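Structures are listed in the sections that come next.
The same subunit A turns up in both complexes below, where it pairs with subunit B and then with subunit C.
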Partner chain A sequence: MSDSETTVALEIKPTAYQQQLLDLLSSLHLAGIQLSDFSKTGVDFDAVANSETLPAAASALRDNGFALDCILGIDRNPGLEAVYLFRPFADGARVRIRAQVAPDRALLPTITGIYSGADWYEREVHDMFGIVFEGHSHLRPLLLPHFTNFHPLRKNFHGSPIVIPEDTVEIPEVDLQAAMKLGQTDRTHRDFFLNMGPQHPSTHGVLRILLHVEGEEVLGGRCHLGYSHRGTEKLAEKKQYVQILPYTDRMDYLAPLNYNWGYAALLERATGIESTPRAEAIRVAIGELARVSSHLVWLGTFMLDLGAITPFLFCFEDRERILTVFERATGQRMTTSYIVVGGVRNDVYDGFIQDVRDLLDYMRKRLPEYDRLVMTNEIFLQRTRGVGVITAQQARDQGVTGPVLRGSGVDFDLRRDEPYCPLYQELKWNVVVEQEGDCLARSRVRMREMDESLNLIEQALERIEEGPYRAKIPRNFKVNAGEYYSATEGPRGMVGWYLVADGSMTPYRLKVRVPSFPNLQVVESLIPHSRVADVVAILGSVDVVIPEIDR
Partner chain B sequence: MSDEHRSLPVMQPDSGHTDEGQIPPIVRFLPLQKALDLARANSLWPLTFGIACCAIEMMAASASRYDTDRFGAGVFRNSPRQADLMIVAGTVNMKMAPIIRRLYDQMPAPKYVIALGSCAICGGPFDQDENYAVVQGVDKVVPVDIFVPGCPPRPEALINAILELQERIKSGQTHSSRV
Partner chain C sequence: MSIVEIIIRLIIAFGAVFTFVALNALFLVWLERKVSALIQQRLGPTEVGPAGLLQTLADAVKLMGKELITPTAVSRTVFFLAPIIAFLPAPLLVAAIPIAKGVGVSDLNVGALYILAISNIALLGILMAGWSSNNKYSLLGAMRAVAQNISYEIPMLLSLLAIILMAGSMKFSDIVKAQETVPFVLLQPVAFIIYFICSIAESNRTPFDIPEAESELVAGYHTEFTGMRFALFFLAEYTQVFVLSAIVTLLFLGGWNGPLLPPAVWFFLKTYLVIFVVMWLRWTYPRLRSDQLMNFNWKMLLPAAILNLLISSVIYRGGFPG
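And now, the complex of A and B:
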């Protein structure tokens, strides 16, 4: 696959902003700088870097306000490639920088010194492709068990025997120190290591955090992922495009509809199929309902973590009412597979609009109750105010998105800033932003977002007009060779899909950039010098879904 | 991938396996045993332990609408040492499998296991060629009493499984009672 297929040099003259960026990129000694058609590929600028120019380019982009979207690997067979995606929050221009390496000498310089959020991405690429990032301080397996000796996403890898090891929990003392990035001098005589998880009630799944504590004070902590790694990205390379949809449900089970939507949006961008107006309205209504139901689970479990059981019982009852509507409309409570390419899988049932209106009336009465019950509760305020503060710069370096980012005072929402559905620009709603950046601010963002979602649903219901619910497309289809990126706003933040298509019915490579991945990574930098109880509060306020991180 | 490559199952299902650590009682007093089984069946203490999607349905089953407390199985314990029912709710991969085994070993006997959902039964949608991570069923790691199909199963299915498990405990048909 050559670049010329994927990136079309535009006939039109670049705008002033684009020209400015082009000038910036050309000053960085990068090769192959090109403007790309955003509506077709999801990327604005393309460039190729090598080991010498990469760190300088990343550094310059950071100085110009770019955040790190993600880093992914592609096996070009032969030859490996690392793709870096950058995007500023303020203005929408995505920059893609490729760096190619030979498979037998897969070395690249690390950019963790520039973007702290690159840490886990580089470890993941190292896991999956075996690219070594020179200078990375902790290049240990992230998603795979420590004993694996293969790189599953390489094309010459064809499965491996499933070995159930005797034990993966035991790590000798020396390894513990390495895992915590501790030097000899960092140890005091009263400190010890505390394992939080994988079975822990407040890690929301099978996350393991290794805490370095002294009494009640946490000196540091490292997250250990991969306890729910299922190899979805490898499976996707064996599946036809339509067959991948059910796997998207199971990545983020709290809001599967938003994941379905993201995947459908990616394929619509790649194939040029457009969904119908009726489908768009249904998508907004049901996607925002999914957002509300996801935030309700967050509220319930967060309160459970902080020691309050009542909100959990309330929230789950409300969620059951939303799930009843989902079940009637989509046939499933959770794993819906409902939003498909070109529209929705089936039309909504008669009485859907009335049911959702009743639900809105009900939720409008409940949300103020939650405000009274939780958000003004003195214990809750004490536990969350000033705890786990993320600054805007930190959020940008780590690539944090979603309510966590908006709780740090950054006004960025893909629904508005990188529209993937025309309705979001026509309807009246606000992006919720809070300035403080602590657990309380993040909670407030989510509470107010539920209000905004209800407004969106109400307006979207009026837009459900007569017409086909799905565009006429063949049951199975091919995607033209090329590379496509598409990002949508899930309840936890930016869900990005990177597709490398080779013109067949199966993807050559499908990478999912999940919001919880960087959102959890930021937790590592928040927990030093907090209390053990604060770790629980921080983790709960960030709202992570582990199978989404592990994939 | 052929079967011989799926190496090292820690445990063969239905092989009349008994727990290594469990010593058979020297004297068995049948009426007392029955009374104990009745008590155990009606106060199951599940372990708070969710792996993936099914865990949310497990939470829903324990929350207000479905309320497993009605059947005496609502006291979710955070420590395996206080629990006697493990509900394996989600996909088990090879990094997770030894931890499940360890949690199971930490639970005091008699103990029961419910495999909730397709993934815990056989790997579910992740049982595919070129799979390198997912263990094809949690019964390769711990002995399972009840399998609940579904992806994910509805909360009613879990309630049904708990009722079925209660029947089996009362009639002495669980792995734990076959010591």
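And now, the complex of A and C:
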């Protein structure tokens, strides 16, 4: 591991493409433009903006095909900072723009007018750090309760007892309705508000959607989050790096292995530790199995949302077989904590390869069956075709990733485009893309992705060679001061990890950019002028996991 | 017939009908569980009684023991009456179905018409339930149920007319008699398909189960009902499934006609076969959306039914076999 600075000011010779981007950034009146070493930091370009230059910069980036990765806050103590990450889908160049504000006058202009996906990110940063985004139409708490008057991720917040004001226990319904901008002009006596959730069969967890409906037609809706907010990011600031691993299991409970992997990839990037070839092969095999199992749950619950009960049981039976392999390999069915820095926690058991091969044979028989039972069913096609169309531009503005993005005709997969594991470059597989952007396209992407995953697993099994399953690393390691970003492709899309390290054994700040967050946000813009039944279909087709959104 | 005889006959009829309604529901719930288990690669109930036969009985006892919760904001009288009115048509319908020649509570000379008329009373109960619950999901469910049932009534009636035209009577025993040589399903395949689809829609079952679409409306119109009130809706639903399947049997599948076995056995065999198909559909298909359901009815079923009636009336002008 080199001791050099994490951002190297133009020490690296820029390529033609990078030079082009540098020119673009220079033309935007941004300060501190730097080229950064991607392999060490996960970011290609750095720049600093202020209130005046930020919107123009975001606007220019959008015009150049950049999508919004994430917005996060950092408490520099003193001084707050909002970090904007942008990335075009076509080429691998991540741009980081920092905007610093004083804690007592934390004001920044909103970029929701430029990137609609900034909406929730700005609300979250406002929740956690108290940065006010001027011009944001409804800067109410997103993950925290509506009466919150503290900012938990600021360094001066130590989890003091929270007093719930007595008169505000009920959520002010009128405020919500006013926020939906539906209360004034177009209300007729026939419309009403329908609360979907937080206890509802098809919200896949504790999600609440307030729907404004007129008969069967939905005029609009707003999501309300935070019912399973556990403050994972704050907790991470108190824990050592190795102790954070179990928390990663509990974000996306359907694919904990992919989250373990993402976290391990982040630390490997930050510390320079490299995992062993054997571990890489095991990771691909087991990580893709996790993807299949997650997609199976999606298929089952999606069909349940559409009213078919039987596919749910079929899918869960298949998933059960996969979980059995997980249990034997990792010791746990769901909270695996298996993929760790430098490799995997323990070697796979004897017969793992044979078990997985049997599983592959079995799944190869089952997947065509699902095609016959579900994907060619006329009612299924009727319910999904043309429903909830996300255009490629909309996907880019909202920061949507994963199968939802690929269902909108954008050919982008981090496994191929931002490799975090060398095997993905070497093995033969395809990125599945569908053009239509509707629920059917998203479904087809996931169905075909399962096929591709099976191919990947089969090839990865052959690559499991003799050797150590884990690199030698100290039990409690430190991470050199710096900022690191690492993105991996989870079953639902980009799982991004942003680490601010201060050289100690605990992170200074750890932000998890979860795929369901923008993927759910896009639902809000899809539901106006659909039917109540469509809302359920759309929600099912984007496949969100609420605990990873709430964290 | 003396007064005493009439009273005795009434009591026997009542007893028979209610016993049948209860036993049928118990059996159908068990059958549904077993069929769904078969389709879903499970075992279904196995513990209570032989092959789990008594499981539904245990559930019924449990439901009876449950508290009848009346939420504070409901319209009390209507909320109280709704399950009763929804259940009311169930025994009335069963009473009008003959299971063999001369066997049955009553073989009305306007049997087919009576069935159509009475079955819609249940709809009133559903609407009352949805309205009085003061719950938006219930109301949406009730709205859907009413819209769906009234719409599907029309092609159902039209396809029924084609059969009445052929049999020259609305009396079930006459209709069955007319099928002694050939069951009407072969002569009126279009009417059969339309009638069968409408039957499924009328009984609010998948793929037409949108009134109680669990993933959208939680439990639809009976969301707020507990204990025996809920059980009454349940009883009504399963009785309706039986009645609609029985009518399909009587109208299209030749009723109790059949070789070797006694007529009543043939009747039940055919009826439960139809019920099995209905269940099979339920556990295989997803659900339509409400507007698609309406489109399907008004744009496809209704024109087809009218055309079918028109053509039948030309071909079988003098009645069948005439």
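By definition in this document, the second predicted complex is superposed on the first by the 529 of 551 C-alpha atoms of A that agree within 3 Å, B and C clash if a C-alpha of one lies under 4 Å from a C-alpha of the other, contacts with A are read in each partner's own complex, and residues count from 1 in each chain.
Basically, a contact is a pair of C-beta atoms (placed from the backbone, for glycine too) under 8 Å apart; a residue touches a chain by one contact, two chains touch by 3 or more.
All figures in this text were calculated on a predicted structure; none of them were measured in a lab.
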item: Which superposed partner A:N455 touches (first subunit B, second subunit C, both, neither); value: neither
item: First (subunit B), second (subunit C), both or neither touched by A:G215; value: second
item: Which superposed partner A:Q18 touches (first subunit B, second subunit C, both, neither); value: neither
item: Superposition-derived comparison: subunit B or subunit C, residues of subunit A touched; value: B
item: Contacts of A:S59 with subunit B and subunit C, given as first, second, both or neither; value: neither
item: Partner chain(s) touched by A:D305 [first = subunit B, second = subunit C, both, neither]; value: second
item: Partner chain(s) touched by A:P201 [first = subunit B, second = subunit C, both, neither]; value: both
item: Footprint overlap on subunit A, comparing subunit B with subunit C; value: 200-201, 313-314, 317
item: Subunit A residues touching subunit B - in the complex, by the definition given at the top; value: 144-145, 150, 152, 157-169, 198-201, 205-206, 226-232, 234-235, 238, 246-247, 249-250, 253-254, 297, 300-301, 312-314, 316-317, 319-320, 333-335, 546-547
item: Residues of subunit A that touch subunit C when the two form their complex; value: 192, 194-195, 200-202, 215-216, 303-310, 313-314, 317, 373, 377, 379-380, 382-383, 531-536
item: Subunit B residues touching subunit A - in the complex, by the definition given at the top; value: 1, 5-10, 47-53, 55-57, 59-60, 63-65, 78, 80, 90-91, 93-99, 102-103, 125-126, 128-136, 140-141, 151-152, 154
item: Residue numbers on subunit C that touch subunit A, as the complex places them; value: 36, 39-42, 136-137, 140, 143-144, 206-207, 209-210, 213-218, 283-292
